[in-house]
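Okay, so chain A shows up in both of these, paired with chain B first and chain C after.
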Partner chain A sequence: MDKPSHLSVILDLSPTQWALCAQSTNPPGISLQAFLSQLLAFFNAHIACKDENTLAVFGALPGQSVLLYSSTGEVVAKDTEPTDPNTYRPFKTLDATVMNSLAEHIASFDGVSEEAPIGLVGCLTKALCYINRVTSNSSTPSSEGEGSAASVDPRILVLSVSPDQSSTYIPIMNSIFSAQKLRVTIDVCKIYGAENVFLQQAAHLTGGAYVQVEKPDALLQYMMMSFLPPPALRQLISVPTQDRVDFRAACFCHKRIVEIGFVCSVCLSIFCQPVPVCSTCRTKFPIKTLQRLNASRPLAISASTPGTPARPPAQRNGTATPATPRPG
Partner chain B sequence: MPSVTIKAPMESQDASTATAAASHSLITFLQSQSQNMLTRLYQKPSACLSLFRLLRPLERQLVMNLLWLDLSIPPSTMAAWVTREGKKPYQDALGTLARLHILPPSAAKLALNPTFKSGLRQAITGGGTSGSFGVLAENDEKHPAPEIEALDAYALERWETILYYMVSSGTGQFPAKPSAGVLFLLERSGLMASVHGGALQITSAGFQFLLHPPHVQLWELLLQYLQMAEERQMDLVEVISFLLMLSTTELGKDYSTEKLSATQKAMLEDLRDYGLIKQRTGSIGIPKATSRRFSPTRLATTLTSSSPPLPTSAGSGDGTHAQGFIVLETNYRLYAYTDNPLQIAVLNLFVTLKSRFPNLVIGAITRESVKKALANGITADQIISYLVTHAHPQMRRNKPLLPVTVQDQIRLWELEKNRMKSQEGYLYTAFASQADYEYVLNYAKQLDVVLWENASRRCFFGSLEGHANIRGFIERRQTAGNA
Partner chain C sequence: MPSIVCSAQASYKKLPGLLELTESHLQWTKAGDKVPSVKVAHSEAASLSRSKVGAAQVRLKVGLVNDETGHNFTFTSPQAVALAEREKFEAELTNIIARNRANAPVTPQLPSGPTIAVPTPSPATPSTPRPLPHGGTPARPTPHLSRAPPSRAASVASDSRTSGTPVSDPTSDFRLRKKVLLSNPELAQLHRELVMGGHISENEFWEGREHLLLAQAAAESQKKGKPGQLVDPRPQTVDGEIKIVITPQLVHDIFEEFPIVAKAYNDNVPGKLSEEQFWSRYFQSKLFNSHRASIRSSAAQHVVKDDPIFDEYLEKEDDDIEPRRLREERVDTFIDLAATSVDHEETGNEKDVTMQAGKQKAVLPLIRKFNEHSTRLLDTALGGPAVKRRRTESGDERLAQLDLEDLHDNQTSTGILLDMQDRQRYFDGRAVVTGDGAAAGPKVDFREALQQVKSSTQDWSARLAQLKIDKKAGDAALVSMTQNVASRLDVKMRKHDLPEGLFRQMTTCQTAANEFLRQFWLAIYPPPSEAQMLTVATPAQKAAKAAKMIAYLGKTHEKVEALVRTAPQEGVDPARIKVAMKPVLDAVDKALEYWRLKNANTKGPR
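So, the complex of A and B:
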C-alpha cells in the first residue's frame, strides 16, 4: 500500500481569468502570487510524504502548454544558488525551478496572443504522455514482486480558473478515456469561476475529486485534504466527490453544450439539431425521420446560447437522447 | 532446554518483523521514549520531516490534514474524514501518533503538538535559522567532493565487510575484520556471540539478519546503536537527530562538521565504520587528524526512503538489475548469476552448492540444506522471501514467482521440524480415589490449564500457570477433609 505516487499538476494560467480572480470580492478571489505560495507548499508536502514521490507541473498558457517542472529533470533552473542549511534541498530546487520557468514563460508574452484559449487540452495530453512514460519505464526493471502497473500510483490535478471551452469537448473526452485506460485519477480544483462541466465529468469518470473552492484563503487546506492522499489511501480517507454531476455534452456541429442532442446511430456523434447527413461518418438519414424529430424538438433548445446555458437538472445516465435517427 | 534457548530469540524476532511491517522500527523505538525527549527532537525541522516520512500513509495524511489548522478540532469531526473501512486503521493511527506525542489524545479537542507542528511547517515552507539540514562545506580546490561512484563503492565495501564477516565466521575462513566498534555492536545486538571466550560466532539471530533486506538490516544495527548510545551517556536526542539529518542530506556533497555538537562528532567515527558516511582521515594511527568535512553515502541518504540503500553489488551488472540474480526451477535447482562472495555465502546457508563458474553458481535446495538452515534459526518464510526479493528479472514473468512445489516443500520441511512442541508444567498423579481425581480435574478444566489427562491412570498434566491454583485447591481440600 505504501508505494510511491506520481502527481502531474496542470496550472490554468489564463491572464484574464487570474486578473478577474484577483479583483473579485464576491465570491472572494485570490491573487496569482498568493496562490503560488500555497501551491508550492502543497508541492513540498507531496514530496515530503515519500522520498520516491514524483511530480510534474504543466502550465496551460493562452495558446500553449508547457512543462514547468518534472522530477526527472527535463527542466533545470538556470541559476543554482548556494544552498542554505535551513531548507531541505529538493524542496528548494523544486520551488526555484517552478518559479523560474513560470516567470520565463509569463514574461515571454505580453498580451500579444491574449485572446487565444488556454492550452488545457495540450496540458492534459502531455501529462498523460508523461505518466505513460514514467509508468512504462518504472515497470520494466524494478517491478516489486507483483504487477508492474501498480508500482506507481499516477494522478493528475487540474487547477482551473477558466470557464469551459466547448470547442475542446472531443479532445477532453478522449483524454478522459485514455486516463481511464492508464488508470490515472483526475482531480479537479476549481479556484475561480462557474462550475466546469467537462472537468467535472473528467473527475467523475476517473474516480477523482472535484472541489469548488469557496474560500481561496484556505486553498492549501483544501488541497491537503482532498488532493494529497494518493488513490490507494482514498479507500480509508474520504475525499470530496460530487453528488450531482453535469453530464451534458457539446454538439459536434456548433460546439454548443446541449441538454438534448441527436446522436448518430452509426458513429455516436452528437448534434444539436437533426441533420440529414452525419458530418463524421457521412451516413444519410431518411427524410421522414428528420421530419419526425424536428416536430418533436422542444422549442427552448434552439434559443439556448453557447457557452453558459442555464443549469439543467443533474442527469445520471449520460446525454439525453429523445430519439435516435435511423439510417435508411 | 536447547529448544527453549533457540525459541526465545526467534519469537522476539518474529514480533519485531511483524511490527516493522506495521510501523517502522524507529517509530516503535521512539514510542517508548519520554515526551520530554521527543519534544526536544521535534525542535529540528529535519527530524520532523524524516520522522514524518517513516510514518504509515494514513498517519501521514492525518498529520498533513491537521498541519495547517491553527485551531484544534473535535475528534468527531476528525472521525468523519475516514470511510467505514478506515475506522480500524484510523484508530491505530491515532494510537501511534499519540504515543509519539505528535497528536496528544484528548476527548474534546485534537491538535498537533505545537513543537512538531512548527517544525514540520518550517521543513515544508523552508526558512528559519535552525540549520538542521546540514551545513555544506565550502568548495575546496584541494579536496573536491567525492564522486558518487566512489561513495557507493565505499559504502558497499564497508557494508559487505560486516556481512561477510558475519556469514563466514565459524567456517574457518578469515575475511577482513570490521573495526572493533562494529564487532562490539554485533556482539551486543546478539547477532554474534563469542563461544567459550573464543572468536565471535554468528548466532541464529545473525543468520536471520543476513536474509533481511538491507534497509531492515541497517535500521536493526542503528537501533542497537541507539540503545548503546544511551548506556554510553550520549545524548539520545542528538544521536537520533543526527541520523535523521543525514537522511535529508544529498548524495555527493560535502558537509561541514563545524556546526556539529561533540556527541555528533563522536558519532562520525562510528558511522564511518558502518559505511554511512565517508570522511578523509589523517594518516593511519592519528585519528585526531580527521577532515572537517564528511560526505554521506547512499546508505545514509536513503534511510527514510525505500529506494535501494546500496548500489549494485560488485560485478552483477548495472544498477537497476542488481537486485535479482537467482533463477529457481521446479526441480529445486538454483542458478545464481553472481560472483559476489557475500551473496554466495548467504546462499550457502540454505542451498547445497554444486558448481561455480566465473559469473554463475549452481546449486540445489535439498532437504539437508534447508534443515541446516532451519537448525540455524532461519525460518522457511525468510528463505522464501529472500528468494523472492532476489529473483532474476527472467523469473519475474512467472506467476507465481517461485515454483509452488519448491515453496510448499520448504514449508513442509519446516513443519517436519515442528512436530514436537515442548511446554513446561506439572504432572498430578497418585490421587486417592477416582472421585478425588475427577473433582480436581474438573477444577483444573474450569481454569483451562489441562494439557493432557489419562483417566485410567488417574493422572493429568497442567500448565505452569495453573499450578499455584491447583495446589491451593488440593491443599484446601485436604485440610477440609482432615478437619
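So, the complex of A and C:
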C-alpha cells in the first residue's frame, strides 16, 4: 500500500450537544476536552502513517462551516508554545494550528444567545471541494512523477454528536452523490446521540464505515481501528461497520422522514402526501391519480401523528388534497 | 370397434400377435389376448422405416411424435404375404404421417378428405370430398377432423378465440393458466401450496398476475404462416414399381403451386379422363417432369412419356436469359442495383466475369421456380399480391425517402428543462428547523455550553501529553469491534448447511407468507392503473380479502415458532432459524400493525 492518503475530518462542534454529551451517563458521554485530546492523537497517527499523507480539518459550528486546518494551507504557528522535547515538531504545529483556529472561531460566537443548527452540509461540500481541488491539482504538475490523481486515496470522516436535521436531507443526498462521483469514501463516527439516518446512508452509499461509539472513553481505540486504514487497505483489513442501514428519505414538503412517499414522475421529488402540483417542477397531476393515491393511504394521519384522533379514510377522499405548505 | 383398414400377423418384442390398423389407431394384440397391448393413435405416428426388400425378416418400425424409438413389428407370415402386408401398412401409414406433418402447420381451412394410397399413380379425391368411383375408404370427413392431433386442434381453436379479448372465457383462461404454470415451476410450486392447499382461491392467486396470462395469450395468438417447402411429390420405388402417394393436401398443394395442373384437371376430369387416369398420366408426363423441384431426375427419366393431353399444357423451358415471367412490380429506384450501373462507367468496377446470369442453363428454370415460389409465399403472407405502389415522381417524395431520421442531429432538442420553483429554499435548509431532535432531552443554555467549549480549547497541550486510554473501555471497544467484523466474516464463510427438509419447510413458510402479504397489500392498495385490472373487486370484497389474509398472516408467527422448535431435532441452532425468518416476521408484523391501526381508525369517532 504505497498510496498516500488524504483525510478530511469534519468535526461536529455543536456546543449544546457537547454539553449534553459531557453530562450524559447512560449512555456514557465524553467531554469535549477528552475528545479533543484523543482526536489530536488520531490526527498525529494519520500523519505519521506515511510521509505524503495529508489532512484537512473542518469544523461544523452553529450556522457556520470553517476550515480549521489543512496540510496545504498556511501554518498558524504562533510559537508561543514552548518547544516540547517529547513531541515531533510537525505534530506540534498541526495540533497547535487546529486548536488555535478553533479557539478563534469559538470566540466569534460571543454575544450569541441562540444556537443555530450546525453547518454540517457546508462542511461536507467544502470537504468535497477541497478534495476535488487536491486531486485535480496533483495530477497537473508532471514533475511530481507518481503523484497522479488516482494515487491519492481521499476520504472524509464525520465525527457527529448532533441528531439528523431533516431539512438537510436534499443537500446531504446531493453531497453523497458528488462523493460517489469523486470516489470519496465517507466514514461516520457517531460519538453521542441516536442513530443518524442520513449519515448512515452516506457511509453505506460511499462504501465507508458507520461506527456507533459505545464506550466513548476509548474513542481513540475506535478511531484507530476503524478509520486509520485507508479505503484501499480495507479489502485486507476489515473495519467494523453497520449491517443495518435505514434507507428512509425525508419528504420535500415538510422535511419529514417518511416510509411511504409519493414521488413526482418528472423530477423525482418526494412528498409525504399526494399533491396536485409538484412544488419543485410545477408538473400538474391528473385529479384521478390524486384520488387513487389518496385512497391508498388510509393510515396517513394516524401514522404521522398518532396522538390526534384520526378521521375516517372515507372522509379524507372527499376533501381536496391539502395544499403543500411552501417553506422558506 | 372401429373398422379395420388392414391387418396382418406380426410379432412385437418377439411375441406373436396381430397388427391392425383401424380408423383411428395402429394397434397390436398379443396372440390369445383380446385387448391390444400396443395402441398408437394416428396422430402420434411421426416416422416410418422398414427393413430392406431382400432382408430375411420383414420389419416395420413406427416412430412416434414424442418417442423416436417407437415400435418395431416383424411380419410373421410367409415372405411373399408378409411383404404384401407390409406394403399395405406402409402405404396407409405413410399417408397418415404425411397428414400429421401437413397438419403441423396451421391449415385449418383445408377440408381434409379421406386419403387413399394405391400402387402406382392413382386417383385421389380432390379437395371437394366425394365418393370414390372405386374401392378404398369412403369419404368420411368428420372422423378425420377428430383425428387431427389434439394439441394442434386445441391451439388452432384458441387462435380464433384468443384473438379478441384473450382472458374472457373461463375455459381458455384455465388453459392459459395451466400453460403458465407448466412453464414456470416455481409459480407452480406456489400454486400447489396455496391454491391446492385451499388457502386462497384460484382467482385470488391470479389477481395481480394477469400480465403472465396476457403474455401467454399473446404468444399463442401469433399466427403461423404457410410452410415454405416446395411441393415435391417423392416417388417411392418398390419392386421396380414407382408409386406416388396422393393425399388431398398434396393435390391442393399441386394445384396451388402449378396452376396449369389445376387448369388441366378442370379441362379433362371427368370428361376425357378419369381421376385415376389423370394423375397417373400426369406423373408420367413431361409436364410433371418440368415441375420437379430438383434436377436429379434419373429415376423418373425413363418413365417420362409423350402424352398428347398433358403435352398441350407444357410450357417452354424457362431457361432464357430473360425469365419468362417478368416481375410486374417496378423495383424501387433506391434499391435497384441496375439503376446506377451506367453511372460510373469510366471509373466504376469491372464487370464480374465469373458470375453470369444463365451460364448454366439447366439450373435456370429451377432458380426461377424457387424465386416464383418465394414470391408466392411472400404474397400469401402479406395477404395477396403486393400492392403496386405507384409513386408520384415528384422530387419531394424522393427527398423525403432519402431523409433518414438517423442522419438528423438531435442536438436541437434540448429536453425538458427542470424548472425549479423557489430555488432558494433548497439551499438554505436551516430555514425550517423541525423540533424533533432538539426537543428531546434536557435543555442546555447555549451561552453556558459555549463557555464549556471555550474552556475545552485552552490548555490542550498539557492534556494531550497526559492522554491515557482507560484500559477496560479500550478492551471492551476492541472486543465489540472484533465481534462486528467476525460476525460478518462468519456469514461470508459459512456454507449452506441446513438439512434439506427443514430448509424446504422454511422456504415454503417464507413463500407462503410472501404470497399472503402480496394479496393483503393488493387488497389494501388501489390497482396500479385502472385499465389493467380485469376484475375490479368492490371495496367490500377487498376488505373481506384483506381480513382473510390477515388471518393467515396472524398464523405466521406460530408457523415460525414451530420451525424453531423442530430445529434442535434436526441439529440446527434455533437462533439461526430465527435470524433467517426475521425479515418475514418483520414484514408480517408491519401488515398486522397496519391492519390494527386501520380498524381502530374506522371504528374511531366520526
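Following the convention adopted for this analysis, the second predicted complex is superposed on the first by the 277 of 328 C-alpha atoms of A that agree within 3 Å, B and C clash if a C-alpha of one lies under 4 Å from a C-alpha of the other, contacts with A are read in each partner's own complex, and residues count from 1 in each chain.
One rule holds in what follows: a contact is a pair of C-beta atoms (placed from the backbone, for glycine too) under 8 Å apart; a residue touches a chain by one contact, two chains touch by 3 or more.
As the structure is a prediction and not an experimental result, all values here were calculated from the model.
With chain A as the common reference, the superposed partners chain B and chain C fit together side by side.
After overlaying the two complexes on the shared chain, residue contacts for A:129 are found with neither chain B nor chain C. In the superposition on chain A, A:51 makes contact with chain B only, while chain C stays out of contact range.
When both complexes are overlaid on chain A, the residue A:41 reaches chain B and chain C alike. Here chain B and chain C are compared by how many residues of chain A each touches, and C touches more. In the superposed pair of complexes, A:241 makes contact with chain C only, with no contact to chain B. Using the contact criterion defined above for the overlaid structures, shared-chain residue A:164 touches chain C, although it does not reach chain B. In the superposed pair of complexes, A:287 makes contact with neither chain B nor chain C. Touch criterion met: A:63 reaches chain C, while chain B stays clear of it. By the document's definition of touching, both partners, chain B and chain C, reach A:86.
Here's the short version: in the overlay, chain B gets within 5 Å of chain C at its closest Cα pair. The residues of chain A shared by its contacts with chain B and with chain C are 41, 86-87, 95, 220-221, 225, 238. Chain B contributes residues 45-46, 49, 52-53, 56-58, 60-61, 64-65, 67-69, 80-83, 85-86, 89-90, 122-136, 248, 250, 259, 302, 304-307, 320-321, 323, 388, 393, 396, 401 to its touches with chain A in the complex.
Contact residues on chain A toward chain B in their complex (touch as defined above): 1-2, 4, 41, 44-45, 48-52, 82-83, 85-89, 91-92, 95, 141-143, 145, 220-221, 224-225, 228-230, 232-233, 235-238. Residues 416, 418-422, 424-434, 436-438, 441-442, 444, 446-450, 452-458, 460-461, 463-465, 467, 469-470, 473-474, 476-478, 480-481, 484-485, 488-489, 524-526, 530, 594, 597-598, 600-602, 604-606 of chain C are the ones touching chain A in the complex. Taken together, the chain A residues at the contact with chain C in this complex read 13, 15-16, 18-20, 22-23, 31-34, 36-38, 40-41, 63, 81, 84, 86-87, 95-96, 99, 102-103, 106-107, 109-110, 112-117, 121, 162-171, 211, 213-215, 217-218, 220-222, 225-226, 238-241, 243, 255-256, 266-267, 279-282, 288, 292-293, 295-296, 298-299, 302-303, 309-310, 312-313, 326-328.
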